[in-house]
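Pasting the structures in now, so scroll down.
Look at the two complexes coming up: chain A is in both, with chain B in one and chain C in the other.
== the complex of A and B ==
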């Protein structure tokens, strides 16, 4: 099991234990974590699973692909040059075993 | 049987629902159904209709239980077996064959200039027709059709061909009455599209461009899948931007306070677009089929149940949207389901936003002074599986 901590903009935190292969977006959508929409189901197509990865977890993340790069320019809340990622592109066991992300105030 | 299934209630029947009533105005019917239960068996439609936001959202995110690969699908007959009726992993292969053609970068680099040229062309046609003209016929329909023709790469067809193909195959997809004349027209378009694809692919191999069909020539995708996906895209890429454009204009002209705010601040056009597709989803219902006995939001469904996912109703669920029947571009932002969700999320969503909210709406209101409805000839909205303006006569001050 891997661990994801979602820090909401109001200060609340949701912590989930997830199976390997589960993306941050999928974990949030299937567990009803508010603040992530994930409209397109993980195709890097909609930019509604935007997260800010906390700096101490940035090492070891996969490179940002072309589709993700394009979508990160379409987010509702401003992109952070270092910390912004799409939750659908970060999977447990591949990108992280334990990760903490801050959620933007809005995804749409 | 699980505890959940034991507690689940049987599906109520809505035998009072009729297709002509749905066609005229589905929203009071959706409201009455949703107030009673999230799912009904509807004999007139020969389907279970799912009308709550929560239940529609659950279906969209679970293709294991709610399959898109429907048995005896009318769409498969009308258009072939496209990605819209496949589940992953088969769906994903087809979806990837669309590459980056419909994504924001390509829109910025290639399509926006083409959309602008097409908007100029058909706005001139609308102006030439003069005040009193039908905005759908003179502008929205040919604009959407010509944009789609070029995005797809049908250099051997006209926008009129695109409109005929789209409408006749959509009529086939909705031919629940099994009308042989509808099938004949649909089949003729089916064959014309296949011929056009066969003719244009060798040309695009020699003369590649940014279009969908050009991209297909270098993708490992069988011709059968290309043909079906192109037909689905003709059906799903023309009427929908046309209809959201028509509904958006009608809604603004019917809400003068909101129109004034938009004219004073054109950065509100994207909000107009989003509220228009929420308020009247151009695709109001699409099918799914259960792969096993299941319980959906407390209601029991058998294996093989044919579902209609009524996103047009979900988008007006009062549990999610306050005062849902009002058109209000300033409402609290909530994700609507008009583009679907999950792996079948509309591939053309960015194209629709760019062409309608980015170009058509601002230009129409900028170039047609005092644009208004024609009091002598009221606009007509109709449909439920597909809904939009069937006619929208408008007036403006011409110099």
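== the complex of A and C ==
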């Protein structure tokens, strides 16, 4: 199992234990973590699963792909040059075993 | 709307569920009932023809919302039930479980049903459509033992499935009666590129060859697909993807105007001011297509849902006309197709990039203005096109064709100036 901590802008935290292969977006949508929409079903088409990865977890993440790069340019809340990622592109066991992300105030 | 008034939503797909979300976000606190005919909790359909068909055992359906969403938002969700009729004067709907439900506003988000084949042998076992989770589970279960697949129809679903089946190492033949794939949605240039790309992946793509009949064994299971040329293609499994028919039967029986979908105005309202329709089942006046149209896409469902919520609650102000830019995508194996705007027959096309490189876009011009852009493995062009077309801005064809021209920067400047 891997662990994902979602930090909401109001200070609340959702912590989920997930199976390997589960993306941050899928974990959030399946468990009803507010603030992650995943409108396109994880196809990097909609930028509604934007997260800010906490700096201490940035090492070891996969490179930002072409699709993700373009979508990150279209997020509702401003992109952070270092920390912004799409939750659908980060999978447990591949990108992280333990990760903490901050959620933007809005996705749409 | 007052808080005593009930909103009833028929259909719990992408449109119906987004509508609930938007109604609550807009502050509607009254009762909401959503009726879904499948037993499953609402889930996302697009991955079913793509990721879900991979050999990866971890594949599981992705919910549209978590179960707790319905409790937290105080939604009366009825699963495995159908609406059988609408009584417009009495403001009630009858359900297949024998109950009756009153409504103040009724929303038809009934979606579409797969078009079915009627050729001889079409009722054989081993022939599947692909729309619901049940369809996908049935197909997925058969793929393990299948060796040879025939796909009927080279549309989005057929080609997504064909590419997924090829990835699993299966032999795949695609029969398409038209002379090019995805002919309804794509320019000839992009269509031709996809035909070659699929052939390159090992798909036996047969254009200009429709399905005539199916051969079966003694047990009534399909053994081959016989095309309109008389040639028989062996098949352990057949997938039929020949388009959809909008689910208009309830509206029609209730006397609402229907023509390739339930007719609505630009606020998604039917002829009856208390009944709305949206998503795959709705035929609306499209600002971008400059004609009535009916679209089948996630973007169409969710953007129309956000708009419908405002229509129901009277929150539009002076923006009552729905005018979101349509966009589409189709992942066919590693081939990534993205479309901004609606491509129409007769559009003049300008190429940006070299198709031989596997990355290019086709700019479609209508009456001298940019109307749509198709991008193949070129997400930067796609997002730039969405930004530009949403502002109803064009750009000269010479610039579109010039790779030295910074299209992304141009589109960002256009959006910033709006």
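Keep this in mind: the second predicted complex is superposed on the first by the 108 of 108 C-alpha atoms of A that agree within 3 Å, B and C clash if a C-alpha of one lies under 4 Å from a C-alpha of the other, contacts with A are read in each partner's own complex, and residues count from 1 in each chain.
Here is the rule we go by: contacts are C-beta pairs under 8 Å (C-beta built on N, C-alpha and C of every residue); 3 or more make two chains touch, one makes a residue touch a chain.
This one's a predicted model, so the numbers in the text were calculated from it and none came from an experiment.
After superposition onto chain A, partners chain B and chain C are found to clash with each other. Applying the stated contact rule after C-alpha superposition, one finds that A:21 touches chain C and leaves chain B untouched. Once the two complexes are laid over each other on the shared chain, residue contacts for A:106 go to chain B alone; chain C is not touched. In the superposed model, A:73 makes contact with both chain B and chain C.
In the superposition on chain A, A:64 contacts neither chain B nor chain C.
In the superposed model, A:41 lies in contact with both chain B and chain C. With both structures placed on the common chain, the touch criterion links A:32 to chain C but leaves chain B unconnected. Within chain A, the residues touching chain B in one complex and chain C in the other are 29-30, 39-43, 45-46, 66-67, 70-71, 73-74, 108.
Chain C contributes residues 44, 46-47, 50-51, 56, 58, 62-63, 65-69, 72, 298, 302, 306, 329, 331, 336, 338, 379-380, 382-383, 387 to its touches with chain A in the complex. On chain B, the positions that touch chain A within their shared complex are 60-61, 95, 100, 103-105, 274, 333-335, 339, 341-345, 347, 349. Against chain B, the residues of chain A that register as touching in their complex are 29-30, 37, 39-43, 45-46, 48, 66-67, 70-71, 73-74, 106-108. Contacts from chain A toward chain C in the complex involve residues 19, 21, 26, 29-32, 38-46, 66-67, 69-71, 73-74, 108.
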